[in-house]
């Protein structure tokens, strides 16, 4: 006999731009929303019975309609409104989830001041959130960012590692350390000042990355996560992904030139992949 | 106290092209390899102790060196060689994993026959495999494909779903159903004829997709997975992801034209997301 | 004084999928259309006078409406219909241009025969066309393809080039030659059997690429273009772009292994860029 | 007879990162360089004679070697050094060209001040330059930027355009105007303060975009280019590409909600394409 295992369905890449008009000054929110539902959908999959299916087109409409009515000022609040709506209106659903990726805009400086209705996108990093609501349980909020390109040009070493017959890497006490960091942290409660927490976490991660005397990407990653957990009591765990985007020192000796860490080739592939979770323990 | 949770590290996007030279006729394998290791790396993360760290650069070298020595004719065999190598040579490692994405090439037809040393890439779909080897346990092989764009222009309906105040979708008994399918299936044993199994599974999935009288993407996905499990006893489960890449019927009535399912706008966003696992049950 | 120079405006990425229903057997055309117009739009740019502006939204509607009415079986014919429509209906326009990129689909094999209404996308190469119509002049049709990944594993050398103090490349008489080819050829007349010509040109290019004893990418490119011009009298010129996607031989000597052209690292960057036009001369 | 027409060859995607070490404070330049050469390469293409070919691999080495020796503080200066090197060292070359795309980094704020050796990438916009040097003629420098996402949430109208039987667009006096702008301007001389000019041009473009009372994208584009030419006498012409990335107002009336320009769907396709050159005239 063949049975249905884990399954879910939903709508992805629902883009919405909300313009808040506070007098003459506008704010812009650009969100890319994903919605998914889990529950007992066996009859749908096995028999084509759609009577318990909320169409994904309706999920899209729900994002638009709730965005209009919402007072949410953060992606955490808007995602929470969405999962709460689906759990309360769809009795056939056991769990609702929403992820949002926010593209960020700031006011353009024009004539020495911020223009109230003109914006330039910042980046390349984006803000993220994933909120899940299992029926009968608490809402869980995990925020983060993605695509944060950061680079250290000093205080990065890598030595003392295993050498075997396939080792060609040389030990170094002064290399470039570049990464495209992704972070996700989970809050201890579903309601708090998400904006303040996000700022404190991001600042702590960047500050630690900048100051750390790095013996490996792993050690720097751990130091960053530890500092964030220590600085921000509102979070219970943090996960960091820090791919090692290698900058290879160019050998210029054939051209009669030295290269004391001046000229590098940045590469996208292959890259190291380092990821870890950190938690408050006992 | 702050402690290290789940963690892993490895090398991603290690590209390798292997040319097999059987007399005058060549074969080409193009693989994009990812390696990761899990184990007790707490001292590395917490203290910068690299003494148990196999550098990711050495992992890359290992891929190249083993590729040269290997007799593997499939990505499943080569990935198995790699995880076995890491588990047997690295006592500090508890689990090794390898994923390979294979770009596919076929001989160019020149003058009515296949040219032995000239190739054209096929696609856009690629073959995939993920092999994991937890020390002391069995090797697990999960094969699949990604990026398979398929389309039905008849025998696809969607009706009988929940309608609420946010519903605007109309029921249809004749729509286009297009998807960019990803599939992953797990074998019951680590050694078998992977090429034959892959062909039978892919053919069964395509055949079922083509013939199915679809009441929903969910139902078609289930029918496809069920047919594959029934046709190929070597697999124990299969997971399918079939995003609904909507083709929207264009309303031409303002121009005095009808549109009996002739002209559509294919879209990438938003899209439905449907995914499920199927298993042999009791 | 500041004046308006060259300018154009139009609509890009107008996607349309047309399903031709010939009894029970369907055909699928997937086109990505770009439209642009040139003319005397100085007042529009300088004064915001929109009275001579056909909105780009209307261009999009025109693509949909003409697709419904069209009998075109090729992108060349459909693009020609579009430019002709714009020139005849928009007296303020001096030149109309249309480019189409066609994603290709074939019938799925199911149960030993081609299923009439189920399709799988082929690729990764796509077919292209650019048609321009300067008012009062002839329609010009330039067809081609893009994204054709091809590879030679023998009969490719590169030697005898300039050596200077910055040269580190070694001469080779047996290397891999891989490229992602783009081709564009211009027809001598606006009406002919475009499908037949396209097949003959593409087959000739592939055949020549496969058989050529290559001394450089430049020489192979020229041989391919020359063969196409010789084989297909309907075209007056051809342009080829053949970036050299280097496959670097891996040095395995540090591991005690030889590597007689078996293991390569395919790379995307940096890459050679070779492009040229060929024409019938006097 | 078949003859070689326009042709060129070179190296693309040569990535280089240069770390300038001024005491304890570092600067980072990340450049993606493209080099191309034109000349009489007919024998190379036609006969496989490589004796006049400088290998593209050597071009790559040249970028690295010159980057080490260079004092250039701008992409304009470094590109000029490169074309000058190729023209003076390669007598067979008639014209050398170099394009550079610069990814931008700024110091991380840590503990209230800029950390001297830690950086975060800014973006998504990048700086660009193209320098060409036809032998015996002057070096021409065209600078610009690409990928600048900007948005106006007021002072944007579109009305008074042509209406025909295929028009469905409604006139509006208050819409969102979003674009991903590309700009390129040409300097009147090959040596000047490129950094200052770039800042003044970019600020003027942004300022004008923000303040302009827009009747069309065309009019805003012209106003921006005109203001830049007026503000910066060092440039002779400017070209702007401003695709209209439509933000579509969502119709919420079916849900009993109004939408006075609050909720939009940003889209990538289809998009308007508007581009023009502006020059100083007589």
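Order of writing sets the labels: A, B, C and D. Residues in every chain begin at 1.
In the analysis below, a residue touches a chain if its C-beta (ideal position, glycine included) is under 8 Å from a C-beta of that chain, and two chains touch if they have at least 3 such contacts.
Not measured: the values here are computed from a predicted model.
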Copy-to-copy rotation for subunit B and subunit C - C-alpha atoms, rounded to a multiple of 5°: 180
Most widely separated chain from subunit A, with each centre as the mean of CA atoms: C
Between subunit C and subunit B, distance of the C-alpha-averaged centres to the nearest whole Å: 29
Rounded Å distance between subunit B and subunit D, as computed from the means of their C-alpha atoms: 37
Where subunit C and subunit D are represented by their mean Cα positions, the distance between them in whole Å: 24
For subunit B, residues contacting two or more additional chains: 15, 61, 65, 166, 168, 255, 268-269
Contact graph of the chains (line, ring, star, complete, other): complete
Residues of subunit C touching subunit D in the complex: 1-15, 34, 36, 41, 44-58, 60-62, 65, 89-90, 158-162, 164, 166-169, 214-216, 218-219, 221-222, 225-226, 229-230, 237, 243-244, 268-282
Footprint of subunit B on subunit D - complex, ascending: 165-166, 168, 254-256, 268-269
Of subunit B, residues touching subunit C in the complex: 15-21, 26, 28, 30, 61, 64-65, 67-69, 105, 108-111, 115, 117-124, 148-155, 176, 203, 206-207, 209-211, 247, 250, 252, 255, 257, 259, 261-267
